[in-house]
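Presented below are the structures under discussion, each in the form of C-alpha coordinates.
Here come two complexes built around chain A, the first alongside chain B, the second alongside chain C.
Up next is the complex of A and B:
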(Lines of atoms letter the chains of each structure in order from A and count residues from 1; the text may use other names and numbers.)
(Lines give C-alpha, C1' and ligand atoms only; values in the text may rest on other atoms or scores of the structure.)
Protein backbone atom coordinates (compact mmCIF):
# COMPACT_ATOMS: atom_id res chain seq x y z
CA UNK A 1 0.00 0.00 0.00
CA UNK A 2 1.63 3.18 -1.26
CA UNK A 3 1.08 6.80 -0.24
CA UNK A 4 1.96 9.43 -2.84
CA UNK A 5 2.00 13.20 -2.24
CA UNK A 6 1.31 15.49 -5.18
CA UNK A 7 2.37 19.05 -4.36
CA UNK A 8 0.28 21.57 -6.34
CA UNK A 9 0.71 24.77 -4.30
CA UNK A 10 0.52 27.83 -6.53
CA UNK A 11 -1.04 25.90 -9.41
CA UNK A 12 -4.30 27.21 -10.81
CA UNK A 13 -7.19 25.20 -12.22
CA UNK A 14 -7.29 22.90 -14.04
CA UNK A 15 -3.65 21.88 -13.50
CA UNK A 16 -4.10 20.16 -10.09
CA UNK A 17 -7.01 18.13 -11.49
CA UNK A 18 -5.15 17.01 -14.63
CA UNK A 19 -2.02 16.15 -12.62
CA UNK A 20 -4.09 14.12 -10.15
CA UNK A 21 -5.87 12.28 -12.97
CA UNK A 22 -2.50 11.34 -14.50
CA UNK A 23 -0.98 10.34 -11.15
CA UNK A 24 -3.79 8.09 -10.05
CA UNK A 25 -3.39 5.97 -13.18
CA UNK A 26 0.07 4.95 -11.93
CA UNK A 27 -1.33 3.74 -8.61
CA UNK A 28 -2.88 0.44 -7.61
CA UNK A 29 -6.16 -0.12 -5.80
CA UNK A 30 -5.78 0.69 -2.12
CA UNK A 31 -3.03 3.26 -2.68
CA UNK A 32 -3.46 6.77 -1.32
CA UNK A 33 -2.93 9.96 -3.33
CA UNK A 34 -2.62 13.19 -1.36
CA UNK A 35 -3.03 16.32 -3.50
CA UNK A 36 -1.87 19.54 -1.81
CA UNK A 37 -3.66 22.61 -3.18
CA UNK A 38 -4.19 26.30 -2.42
CA UNK A 39 -6.66 27.07 -5.20
CA UNK A 40 -10.21 26.95 -3.90
CA UNK A 41 -11.80 25.76 -7.15
CA UNK A 42 -9.56 22.67 -7.12
CA UNK A 43 -11.05 21.95 -3.70
CA UNK A 44 -14.38 21.58 -5.55
CA UNK A 45 -13.43 19.88 -8.83
CA UNK A 46 -10.88 17.39 -7.41
CA UNK A 47 -13.27 15.67 -4.97
CA UNK A 48 -16.08 15.82 -7.55
CA UNK A 49 -14.00 14.00 -10.15
CA UNK A 50 -12.60 11.47 -7.67
CA UNK A 51 -16.00 10.59 -6.21
CA UNK A 52 -17.48 10.23 -9.68
CA UNK A 53 -14.65 7.81 -10.50
CA UNK A 54 -15.62 5.77 -7.44
CA UNK A 55 -12.67 6.59 -5.16
CA UNK A 56 -12.84 7.44 -1.47
CA UNK A 57 -12.20 11.12 -0.86
CA UNK A 58 -11.52 13.25 2.18
CA UNK A 59 -10.70 16.97 2.17
CA UNK A 60 -8.54 18.32 4.98
CA UNK A 61 -8.12 22.07 5.47
CA UNK A 62 -4.59 22.20 6.82
CA UNK A 63 -4.26 26.01 6.92
CA UNK A 64 -6.15 29.14 5.79
CA UNK A 65 -6.68 28.54 2.08
CA UNK A 66 -4.59 25.36 1.99
CA UNK A 67 -6.03 21.91 1.56
CA UNK A 68 -5.03 18.28 1.26
CA UNK A 69 -7.37 16.21 -0.87
CA UNK A 70 -6.84 12.62 0.22
CA UNK A 71 -7.92 10.12 -2.41
CA UNK A 72 -7.95 6.38 -1.83
CA UNK A 73 -7.93 4.56 -5.13
CA UNK A 74 -10.71 1.99 -5.13
CA UNK A 75 -10.65 0.46 -8.58
CA UNK B 1 -20.77 28.01 20.53
CA UNK B 2 -17.93 27.55 18.11
CA UNK B 3 -18.64 29.76 15.08
CA UNK B 4 -16.29 27.75 12.89
CA UNK B 5 -18.48 24.67 13.34
CA UNK B 6 -21.83 26.48 13.13
CA UNK B 7 -23.82 24.89 10.31
CA UNK B 8 -25.16 28.22 8.99
CA UNK B 9 -21.65 29.69 8.86
CA UNK B 10 -20.44 26.60 7.02
CA UNK B 11 -23.30 26.63 4.50
CA UNK B 12 -23.26 30.35 3.75
CA UNK B 13 -19.62 31.40 4.05
CA UNK B 14 -17.31 28.40 4.20
CA UNK B 15 -18.38 25.63 1.86
CA UNK B 16 -18.46 26.25 -1.90
CA UNK B 17 -21.93 26.92 -3.31
CA UNK B 18 -23.34 24.78 -6.08
CA UNK B 19 -23.01 25.90 -9.70
CA UNK B 20 -26.81 26.22 -9.91
CA UNK B 21 -26.95 28.54 -6.89
CA UNK B 22 -24.17 30.66 -8.42
CA UNK B 23 -25.89 30.77 -11.82
CA UNK B 24 -29.24 31.85 -10.36
CA UNK B 25 -27.60 34.61 -8.29
CA UNK B 26 -25.55 35.81 -11.27
CA UNK B 27 -28.72 36.02 -13.35
CA UNK B 28 -30.60 37.98 -10.70
CA UNK B 29 -27.76 40.44 -10.11
CA UNK B 30 -27.09 41.03 -13.80
CA UNK B 31 -30.76 42.07 -14.10
CA UNK B 32 -30.31 44.41 -11.13
CA UNK B 33 -27.15 45.79 -12.75
CA UNK B 34 -28.91 46.21 -16.11
CA UNK B 35 -31.79 48.08 -14.46
CA UNK B 36 -29.47 50.33 -12.48
CA UNK B 37 -26.93 51.22 -15.18
CA UNK B 38 -29.09 50.85 -18.36
CA UNK B 39 -26.27 48.82 -19.96
CA UNK B 40 -25.75 45.07 -20.02
CA UNK B 41 -23.09 43.69 -17.69
CA UNK B 42 -19.57 43.86 -19.11
CA UNK B 43 -16.14 43.58 -17.52
CA UNK B 44 -13.23 43.92 -19.92
CA UNK B 45 -14.44 47.06 -21.74
CA UNK B 46 -13.76 49.10 -18.61
CA UNK B 47 -10.15 47.90 -18.53
CA UNK B 48 -9.50 49.55 -21.91
CA UNK B 49 -10.58 52.84 -20.33
CA UNK B 50 -8.41 52.16 -17.27
CA UNK B 51 -5.51 51.84 -19.66
CA UNK B 52 -6.43 55.07 -21.42
CA UNK B 53 -6.81 56.97 -18.13
CA UNK B 54 -3.43 55.74 -16.87
CA UNK B 55 -1.89 56.64 -20.24
CA UNK B 56 -3.39 60.17 -19.93
CA UNK B 57 -2.09 60.44 -16.37
CA UNK B 58 1.41 60.15 -17.80
CA UNK B 59 0.71 62.80 -20.43
CA UNK B 60 -0.44 60.47 -23.21
CA UNK B 61 -3.27 61.31 -25.56
CA UNK B 62 -5.77 58.87 -27.06
CA UNK B 63 -7.98 61.42 -28.88
CA UNK B 64 -6.81 60.18 -32.26
CA UNK B 65 -7.29 56.49 -31.43
CA UNK B 66 -10.16 55.02 -33.38
CA UNK B 67 -11.22 52.85 -30.41
CA UNK B 68 -11.79 55.88 -28.19
CA UNK B 69 -13.26 58.19 -30.85
CA UNK B 70 -16.49 59.85 -29.73
CA UNK B 71 -16.45 58.34 -26.27
CA UNK B 72 -18.34 60.07 -23.49
CA UNK B 73 -17.08 57.41 -21.04
CA UNK B 74 -13.50 58.53 -21.54
CA UNK B 75 -14.27 62.17 -20.70
CA UNK B 76 -16.61 61.33 -17.82
CA UNK B 77 -13.76 59.66 -15.93
CA UNK B 78 -13.41 56.70 -13.60
CA UNK B 79 -15.83 57.85 -10.90
CA UNK B 80 -18.70 58.14 -13.43
CA UNK B 81 -17.99 54.81 -15.09
CA UNK B 82 -20.51 52.31 -13.70
CA UNK B 83 -18.63 49.42 -15.31
CA UNK B 84 -15.34 50.44 -13.65
CA UNK B 85 -16.96 50.79 -10.23
CA UNK B 86 -18.67 47.41 -10.66
CA UNK B 87 -15.30 45.81 -11.48
CA UNK B 88 -13.83 47.27 -8.28
CA UNK B 89 -16.89 45.90 -6.46
CA UNK B 90 -16.24 42.42 -7.86
CA UNK B 91 -12.65 42.53 -6.60
CA UNK B 92 -13.66 43.72 -3.12
CA UNK B 93 -16.55 41.24 -3.02
CA UNK B 94 -14.19 38.38 -3.83
CA UNK B 95 -11.78 39.57 -1.13
CA UNK B 96 -14.61 39.79 1.40
CA UNK B 97 -15.85 36.29 0.53
CA UNK B 98 -12.41 34.75 0.95
CA UNK B 99 -11.85 36.62 4.24
CA UNK B 100 -15.24 35.50 5.61
CA UNK B 101 -14.42 31.91 4.67
CA UNK B 102 -11.03 32.34 6.39
CA UNK B 103 -9.27 31.26 3.20
CA UNK B 104 -7.27 34.37 2.35
CA UNK B 105 -3.69 33.64 1.40
CA UNK B 106 -1.01 35.39 -0.62
CA UNK B 107 0.21 32.71 -2.97
CA UNK B 108 3.82 32.19 -3.83
CA UNK B 109 4.89 32.24 -7.44
CA UNK B 110 5.49 28.73 -8.69
CA UNK B 111 7.94 29.58 -11.47
CA UNK B 112 8.89 32.30 -13.91
CA UNK B 113 7.34 30.18 -16.60
CA UNK B 114 4.01 30.55 -14.81
CA UNK B 115 4.46 34.34 -14.53
CA UNK B 116 5.26 34.72 -18.22
CA UNK B 117 2.40 32.42 -19.22
CA UNK B 118 -0.02 34.41 -17.05
CA UNK B 119 1.07 37.74 -18.56
CA UNK B 120 0.98 36.41 -22.11
CA UNK B 121 -2.42 34.85 -21.48
CA UNK B 122 -3.74 38.07 -19.98
CA UNK B 123 -2.51 40.10 -22.95
CA UNK B 124 -4.07 37.67 -25.44
CA UNK B 125 -7.38 37.60 -23.55
CA UNK B 126 -7.49 41.38 -23.29
CA UNK B 127 -6.63 41.86 -26.94
CA UNK B 128 -9.11 39.21 -28.03
CA UNK B 129 -11.87 40.65 -25.88
CA UNK B 130 -11.45 44.12 -27.42
CA UNK B 131 -11.26 42.79 -31.00
CA UNK B 132 -14.39 40.69 -30.36
CA UNK B 133 -16.16 43.70 -28.74
CA UNK B 134 -16.59 41.81 -25.51
CA UNK B 135 -15.32 39.11 -23.17
CA UNK B 136 -17.09 36.08 -21.79
CA UNK B 137 -19.28 38.42 -19.76
CA UNK B 138 -20.10 41.29 -22.16
CA UNK B 139 -20.27 39.21 -25.34
CA UNK B 140 -21.20 35.75 -24.04
CA UNK B 141 -23.23 36.11 -20.85
CA UNK B 142 -24.91 39.43 -21.71
CA UNK B 143 -25.23 38.43 -25.36
CA UNK B 144 -27.11 35.23 -24.63
CA UNK B 145 -29.20 36.77 -21.87
CA UNK B 146 -30.43 39.47 -24.25
CA UNK B 147 -31.41 36.74 -26.76
CA UNK B 148 -28.73 37.78 -29.25
CA UNK B 149 -27.43 35.21 -31.75
CA UNK B 150 -23.94 36.70 -31.41
CA UNK B 151 -23.70 35.31 -27.87
CA UNK B 152 -24.23 31.75 -29.15
CA UNK B 153 -21.68 32.23 -31.94
CA UNK B 154 -19.26 33.49 -29.30
CA UNK B 155 -20.02 30.40 -27.17
CA UNK B 156 -19.27 28.03 -30.05
CA UNK B 157 -15.89 29.60 -30.76
CA UNK B 158 -14.87 30.02 -27.14
CA UNK B 159 -15.49 26.27 -26.73
CA UNK B 160 -13.27 25.57 -29.73
CA UNK B 161 -10.62 27.91 -28.29
CA UNK B 162 -10.85 26.33 -24.86
CA UNK B 163 -10.47 22.87 -26.42
CA UNK B 164 -7.28 23.89 -28.26
CA UNK B 165 -6.05 25.79 -25.17
CA UNK B 166 -6.66 22.75 -22.98
CA UNK B 167 -4.62 20.56 -25.33
CA UNK B 168 -1.76 23.09 -25.32
CA UNK B 169 -1.92 23.34 -21.53
CA UNK B 170 -1.60 19.59 -20.99
CA UNK B 171 1.18 19.43 -23.59
CA UNK B 172 3.36 22.24 -22.27
CA UNK B 173 2.43 22.66 -18.60
CA UNK B 174 2.24 19.16 -17.20
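Up next is the complex of A and C:
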Protein backbone atom coordinates (compact mmCIF):
# COMPACT_ATOMS: atom_id res chain seq x y z
CA UNK A 1 0.00 0.00 0.00
CA UNK A 2 1.42 3.26 -1.15
CA UNK A 3 0.80 6.76 0.13
CA UNK A 4 1.36 9.63 -2.27
CA UNK A 5 1.30 13.31 -1.35
CA UNK A 6 0.37 15.71 -4.09
CA UNK A 7 1.25 19.28 -3.21
CA UNK A 8 -1.02 21.81 -4.94
CA UNK A 9 -0.59 24.91 -2.80
CA UNK A 10 -1.18 28.12 -4.71
CA UNK A 11 -2.80 26.39 -7.65
CA UNK A 12 -6.22 27.47 -8.77
CA UNK A 13 -8.89 25.08 -9.82
CA UNK A 14 -9.10 23.06 -11.94
CA UNK A 15 -5.34 22.32 -11.74
CA UNK A 16 -5.47 20.37 -8.42
CA UNK A 17 -8.38 18.33 -9.75
CA UNK A 18 -6.68 17.50 -13.04
CA UNK A 19 -3.44 16.57 -11.26
CA UNK A 20 -5.34 14.35 -8.83
CA UNK A 21 -7.21 12.67 -11.67
CA UNK A 22 -3.94 11.87 -13.44
CA UNK A 23 -2.22 10.72 -10.27
CA UNK A 24 -4.98 8.39 -9.16
CA UNK A 25 -4.72 6.52 -12.46
CA UNK A 26 -1.16 5.54 -11.60
CA UNK A 27 -2.15 4.14 -8.22
CA UNK A 28 -3.45 0.71 -7.33
CA UNK A 29 -6.57 -0.08 -5.33
CA UNK A 30 -5.94 0.52 -1.62
CA UNK A 31 -3.34 3.22 -2.23
CA UNK A 32 -3.85 6.61 -0.64
CA UNK A 33 -3.52 9.95 -2.38
CA UNK A 34 -3.22 13.06 -0.24
CA UNK A 35 -3.88 16.27 -2.14
CA UNK A 36 -2.80 19.43 -0.36
CA UNK A 37 -4.75 22.49 -1.46
CA UNK A 38 -5.35 26.05 -0.38
CA UNK A 39 -8.00 26.91 -2.91
CA UNK A 40 -11.50 26.84 -1.51
CA UNK A 41 -12.95 26.00 -4.91
CA UNK A 42 -10.85 22.84 -5.24
CA UNK A 43 -12.18 21.95 -1.79
CA UNK A 44 -15.54 21.51 -3.45
CA UNK A 45 -14.78 19.84 -6.77
CA UNK A 46 -12.02 17.46 -5.61
CA UNK A 47 -14.10 15.55 -3.04
CA UNK A 48 -17.13 15.71 -5.33
CA UNK A 49 -15.24 14.09 -8.19
CA UNK A 50 -13.49 11.52 -5.99
CA UNK A 51 -16.74 10.39 -4.34
CA UNK A 52 -18.43 10.08 -7.72
CA UNK A 53 -15.48 8.08 -8.95
CA UNK A 54 -16.19 5.69 -6.09
CA UNK A 55 -13.23 6.39 -3.81
CA UNK A 56 -13.21 6.94 -0.07
CA UNK A 57 -12.68 10.59 0.69
CA UNK A 58 -11.81 12.46 3.83
CA UNK A 59 -11.17 16.18 4.13
CA UNK A 60 -8.91 17.58 6.79
CA UNK A 61 -8.48 21.31 7.40
CA UNK A 62 -4.87 21.39 8.49
CA UNK A 63 -4.70 25.15 8.85
CA UNK A 64 -6.93 28.15 8.14
CA UNK A 65 -7.58 27.92 4.43
CA UNK A 66 -5.36 24.88 3.90
CA UNK A 67 -6.80 21.44 3.39
CA UNK A 68 -5.70 17.91 2.79
CA UNK A 69 -8.05 15.83 0.73
CA UNK A 70 -7.32 12.21 1.48
CA UNK A 71 -8.46 9.86 -1.23
CA UNK A 72 -8.32 6.11 -0.86
CA UNK A 73 -8.46 4.46 -4.23
CA UNK A 74 -11.13 1.79 -4.26
CA UNK A 75 -11.37 0.57 -7.82
CA UNK B 1 -18.40 19.10 7.39
CA UNK B 2 -17.92 17.45 10.77
CA UNK B 3 -20.53 14.83 9.98
CA UNK B 4 -18.73 14.18 6.71
CA UNK B 5 -15.47 13.53 8.54
CA UNK B 6 -17.15 11.29 11.10
CA UNK B 7 -18.90 9.09 8.61
CA UNK B 8 -15.84 8.52 6.48
CA UNK B 9 -13.14 8.56 9.08
CA UNK B 10 -11.94 5.15 8.09
CA UNK B 11 -8.98 5.87 5.85
CA UNK B 12 -5.82 4.76 7.56
CA UNK B 13 -2.89 7.05 6.89
CA UNK B 14 0.65 6.63 7.99
CA UNK B 15 1.23 8.32 11.34
CA UNK B 16 4.05 10.49 9.98
CA UNK B 17 1.87 12.27 7.44
CA UNK B 18 -0.92 12.81 9.95
CA UNK B 19 1.13 14.68 12.53
CA UNK B 20 3.46 16.45 10.14
CA UNK B 21 1.70 19.69 9.34
CA UNK B 22 -0.68 20.00 12.26
CA UNK B 23 -0.54 23.39 13.95
CA UNK B 24 -2.86 24.66 16.65
CA UNK B 25 -5.46 26.86 14.99
CA UNK B 26 -6.04 30.35 16.27
CA UNK B 27 -9.58 31.50 16.74
CA UNK B 28 -10.64 33.89 13.99
CA UNK B 29 -13.71 35.14 15.85
CA UNK B 30 -12.09 38.32 17.34
CA UNK B 31 -10.76 39.29 13.88
CA UNK B 32 -14.17 38.52 12.40
CA UNK B 33 -15.95 40.80 14.86
CA UNK B 34 -13.38 43.57 14.26
CA UNK B 35 -13.81 43.31 10.48
CA UNK B 36 -17.61 43.31 10.82
CA UNK B 37 -17.44 46.50 12.93
CA UNK B 38 -15.14 48.17 10.36
CA UNK B 39 -17.51 47.12 7.53
CA UNK B 40 -20.48 48.63 9.40
CA UNK B 41 -18.51 51.81 10.25
CA UNK B 42 -17.49 52.33 6.60
CA UNK B 43 -21.07 51.58 5.55
CA UNK B 44 -22.43 54.25 7.91
CA UNK B 45 -19.85 56.80 6.72
CA UNK B 46 -20.71 56.05 3.06
CA UNK B 47 -24.44 56.30 3.75
CA UNK B 48 -23.95 59.74 5.31
CA UNK B 49 -22.12 60.80 2.15
CA UNK B 50 -24.62 59.23 -0.24
CA UNK B 51 -27.35 56.65 0.42
CA UNK B 52 -26.62 54.91 -2.90
CA UNK B 53 -22.96 54.41 -1.96
CA UNK B 54 -24.03 52.81 1.30
CA UNK B 55 -26.43 50.47 -0.49
CA UNK B 56 -23.74 49.48 -3.02
CA UNK B 57 -21.27 48.81 -0.21
CA UNK B 58 -23.58 46.50 1.73
CA UNK B 59 -24.92 44.69 -1.35
CA UNK B 60 -21.34 44.14 -2.54
CA UNK B 61 -20.25 42.74 0.80
CA UNK B 62 -23.28 40.44 1.04
CA UNK B 63 -22.74 39.30 -2.55
CA UNK B 64 -19.10 38.45 -1.86
CA UNK B 65 -19.93 36.69 1.39
CA UNK B 66 -22.53 34.45 -0.27
CA UNK B 67 -20.23 33.73 -3.23
CA UNK B 68 -17.38 32.74 -0.93
CA UNK B 69 -19.34 30.67 1.55
CA UNK B 70 -21.39 28.84 -1.06
CA UNK B 71 -18.36 28.36 -3.37
CA UNK B 72 -20.74 29.39 -6.11
CA UNK B 73 -18.68 29.52 -9.27
CA UNK B 74 -19.88 30.30 -12.79
CA UNK B 75 -16.65 28.91 -14.20
CA UNK B 76 -17.14 25.54 -12.55
CA UNK B 77 -20.79 25.54 -13.58
CA UNK B 78 -19.72 25.46 -17.21
CA UNK B 79 -16.44 23.56 -16.85
CA UNK B 80 -17.24 20.73 -14.45
CA UNK B 81 -19.76 18.95 -16.68
CA UNK B 82 -16.96 18.04 -19.07
CA UNK B 83 -14.15 17.82 -16.51
CA UNK B 84 -15.72 15.84 -13.68
CA UNK B 85 -19.20 15.07 -14.97
CA UNK B 86 -20.59 16.96 -11.99
CA UNK B 87 -23.43 19.34 -12.71
CA UNK B 88 -24.45 20.46 -9.21
CA UNK B 89 -23.16 24.01 -9.85
CA UNK B 90 -24.64 24.05 -13.35
CA UNK B 91 -28.01 23.29 -11.83
CA UNK B 92 -27.46 25.93 -9.14
CA UNK B 93 -26.74 28.57 -11.79
CA UNK B 94 -29.82 27.52 -13.79
CA UNK B 95 -31.95 27.80 -10.64
CA UNK B 96 -30.50 31.27 -9.99
CA UNK B 97 -31.37 32.25 -13.58
CA UNK B 98 -34.92 30.98 -13.10
CA UNK B 99 -35.37 32.96 -9.89
CA UNK B 100 -33.90 36.16 -11.35
CA UNK B 101 -36.04 35.74 -14.49
CA UNK B 102 -39.17 35.74 -12.34
CA UNK B 103 -37.86 38.64 -10.22
CA UNK B 104 -36.92 40.82 -13.19
CA UNK B 105 -40.20 40.08 -14.93
CA UNK B 106 -42.05 41.11 -11.76
CA UNK B 107 -40.09 44.40 -11.53
CA UNK B 108 -40.48 45.22 -15.22
CA UNK B 109 -44.13 44.16 -15.44
CA UNK B 110 -44.89 46.06 -12.22
CA UNK B 111 -43.57 49.25 -13.79
CA UNK B 112 -45.32 48.49 -17.10
CA UNK B 113 -48.85 48.10 -15.68
CA UNK B 114 -48.46 51.28 -13.64
CA UNK B 115 -47.54 53.11 -16.85
CA UNK B 116 -44.07 53.92 -15.52
CA UNK B 117 -40.97 53.63 -17.71
CA UNK B 118 -39.74 50.03 -17.55
CA UNK B 119 -36.42 50.00 -15.62
CA UNK B 120 -33.30 48.51 -17.18
CA UNK B 121 -34.47 48.68 -20.81
CA UNK B 122 -31.25 50.50 -21.70
CA UNK B 123 -29.35 47.28 -21.02
CA UNK B 124 -31.03 45.32 -23.78
CA UNK B 125 -28.09 44.95 -26.14
CA UNK B 126 -28.40 43.69 -29.69
CA UNK B 127 -27.79 39.98 -30.21
CA UNK B 128 -24.95 39.87 -32.71
CA UNK B 129 -21.92 37.90 -33.72
CA UNK B 130 -20.13 39.92 -31.01
CA UNK B 131 -22.06 37.89 -28.40
CA UNK B 132 -20.56 34.69 -29.84
CA UNK B 133 -17.00 36.06 -30.05
CA UNK B 134 -17.20 37.59 -26.58
CA UNK B 135 -18.64 34.47 -24.99
CA UNK B 136 -15.95 32.30 -26.59
CA UNK B 137 -13.09 34.58 -25.44
CA UNK B 138 -14.52 34.96 -21.96
CA UNK B 139 -15.10 31.23 -21.62
CA UNK B 140 -11.55 30.30 -22.54
CA UNK B 141 -10.15 33.08 -20.35
CA UNK B 142 -12.08 32.18 -17.24
CA UNK B 143 -11.22 28.49 -17.36
CA UNK B 144 -7.48 29.21 -17.78
CA UNK B 145 -7.49 32.00 -15.18
CA UNK B 146 -9.48 29.96 -12.67
CA UNK B 147 -12.32 32.38 -12.20
CA UNK B 148 -14.91 34.52 -13.92
CA UNK B 149 -15.29 38.18 -13.02
CA UNK B 150 -17.12 37.77 -9.71
CA UNK B 151 -15.15 34.64 -8.86
CA UNK B 152 -11.83 36.40 -9.43
CA UNK B 153 -12.80 39.30 -7.17
CA UNK B 154 -14.06 36.91 -4.50
CA UNK B 155 -10.86 34.85 -4.53
CA UNK B 156 -8.64 37.92 -4.36
CA UNK B 157 -10.59 38.92 -1.28
CA UNK B 158 -10.15 35.42 0.09
CA UNK B 159 -6.38 35.90 -0.17
CA UNK B 160 -5.59 33.61 -3.07
CA UNK B 161 -2.44 35.10 -4.59
CA UNK B 162 -2.61 33.62 -8.08
CA UNK B 163 -5.92 35.29 -8.79
CA UNK B 164 -4.33 38.68 -8.03
CA UNK B 165 -2.41 38.25 -11.29
CA UNK B 166 -5.71 37.36 -12.93
CA UNK B 167 -7.24 40.55 -11.51
CA UNK B 168 -4.39 42.63 -12.94
CA UNK B 169 -4.94 41.25 -16.44
CA UNK B 170 -8.70 41.35 -15.94
CA UNK B 171 -8.27 45.13 -15.57
CA UNK B 172 -5.88 45.28 -18.57
CA UNK B 173 -8.40 43.31 -20.65
CA UNK B 174 -11.31 45.48 -19.55
CA UNK B 175 -9.40 48.64 -20.48
CA UNK B 176 -8.49 47.18 -23.89
CA UNK B 177 -12.10 46.19 -24.38
CA UNK B 178 -13.35 49.66 -23.45
CA UNK B 179 -10.75 51.24 -25.77
CA UNK B 180 -11.84 49.12 -28.74
CA UNK B 181 -15.55 49.16 -27.92
CA UNK B 182 -16.32 51.85 -30.49
CA UNK B 183 -15.08 49.68 -33.34
CA UNK B 184 -16.99 46.61 -32.13
CA UNK B 185 -20.15 48.61 -31.67
CA UNK B 186 -19.98 50.12 -35.14
CA UNK B 187 -18.91 47.03 -37.06
CA UNK B 188 -20.37 44.10 -35.15
CA UNK B 189 -22.82 44.90 -32.36
CA UNK B 190 -25.09 47.32 -34.26
CA UNK B 191 -25.51 44.73 -37.03
CA UNK B 192 -27.61 42.73 -34.58
CA UNK B 193 -31.16 43.28 -33.43
CA UNK B 194 -32.04 44.09 -29.80
CA UNK B 195 -34.66 41.58 -28.68
CA UNK B 196 -36.95 42.05 -25.70
CA UNK B 197 -38.89 38.80 -25.36
CA UNK B 198 -42.16 40.32 -23.97
CA UNK B 199 -42.39 42.42 -27.17
CA UNK B 200 -42.59 39.24 -29.21
CA UNK B 201 -44.33 36.67 -26.98
CA UNK B 202 -46.16 38.90 -24.52
CA UNK B 203 -45.30 39.08 -20.82
CA UNK B 204 -46.71 35.67 -19.84
CA UNK B 205 -45.37 34.01 -22.99
CA UNK B 206 -41.87 35.39 -22.43
CA UNK B 207 -41.56 34.20 -18.85
CA UNK B 208 -43.09 30.79 -19.60
CA UNK B 209 -40.78 30.31 -22.58
CA UNK B 210 -37.71 31.34 -20.59
CA UNK B 211 -38.57 29.07 -17.66
CA UNK B 212 -39.27 26.19 -20.04
CA UNK B 213 -35.89 26.72 -21.67
CA UNK B 214 -34.13 26.78 -18.29
CA UNK B 215 -36.09 23.68 -17.26
CA UNK B 216 -34.97 21.79 -20.36
CA UNK B 217 -31.34 22.75 -19.65
CA UNK B 218 -31.77 21.61 -16.04
CA UNK B 219 -33.07 18.22 -17.10
CA UNK B 220 -30.28 17.93 -19.66
CA UNK B 221 -27.69 18.71 -16.95
CA UNK B 222 -29.24 16.10 -14.68
CA UNK B 223 -29.23 13.46 -17.41
CA UNK B 224 -25.65 14.35 -18.37
CA UNK B 225 -24.45 13.84 -14.79
CA UNK B 226 -26.12 10.43 -14.55
CA UNK B 227 -24.76 9.32 -17.89
CA UNK B 228 -21.23 10.54 -17.18
CA UNK B 229 -21.13 8.73 -13.86
CA UNK B 230 -23.04 5.61 -14.92
CA UNK B 231 -25.49 5.93 -12.06
CA UNK B 232 -28.14 3.26 -12.43
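Assume the second predicted complex is superposed on the first by the 75 of 75 C-alpha atoms of A that agree within 3 Å, B and C clash if a C-alpha of one lies under 4 Å from a C-alpha of the other, contacts with A are read in each partner's own complex, and residues count from 1 in each chain.
Criterion: a contact is a pair of C-beta atoms (placed from the backbone, for glycine too) under 8 Å apart; a residue touches a chain by one contact, two chains touch by 3 or more.
Worth saying up front: this structure is predicted, and the values here are computed from it rather than measured.
Q: Going by the contact rule set out at the top, does A:44 touch chain B (first), chain C (second), both, or neither?
A: Once the two structures are laid over each other on A, A:44 reaches both partners.
Q: Output check: A:9 vs chain B and chain C. Expected answer is one of first, second, both, neither. What do you get?
A: Only chain B; A:9 stays clear of chain C.
Q: Please work out whether A:52 is in contact with chain B alone, chain C alone, both, or neither, and reply first, second, both or neither.
A: In the superposition, A:52 touches chain C alone.
Q: Looking at the overlay, does A:17 come into contact with chain B only (first), chain C only (second), both, or neither?
A: second
Q: Touching A:32, do we find chain B (first), chain C (second), both, or neither?
A: second
Q: Look at A:65 in the shared chain and tell me whether it touches chain B only, chain C only, both, or neither; answer first, second, both or neither.
A: Both: A:65 reaches chain B and chain C.
Q: By residue count, which of the two partners contacts chain A more extensively, chain B or chain C?
A: Touching more residues of chain A than the other partner does is C.
Q: Overlap the chain B and chain C contact sets on chain A and report the shared residues.
A: Residues common to the chain A contacts of chain C and of chain B are 10-11, 14-15, 18, 38, 40-41, 43-44, 63-66, listed in rising order.
Q: Once bound in the complex, which stretches of chain C touch chain A?
A: 1, 4-5, 8-11, 13-14, 17, 21-23, 25-26, 28, 68, 71, 73, 76, 79-80, 83-86, 88, 143, 145-147, 151, 155, 158-163, 229
Q: What does chain A use to touch chain B in their complex?
A: 9-11, 14-15, 18-19, 22, 38, 40-41, 43-44, 63-66
Q: Can you list the residues on chain A that touch chain C in the complex?
A: Counting only chain A, the residues touching chain C are 3, 5, 10-15, 17-18, 32, 34, 38-41, 43-45, 48-49, 52, 56-60, 62-66, 68, 70, 72.
Q: Which of the residues in chain B end up touching chain A in this complex?
A: 16, 98, 102-105, 107-110, 114, 166, 169-170, 173-174
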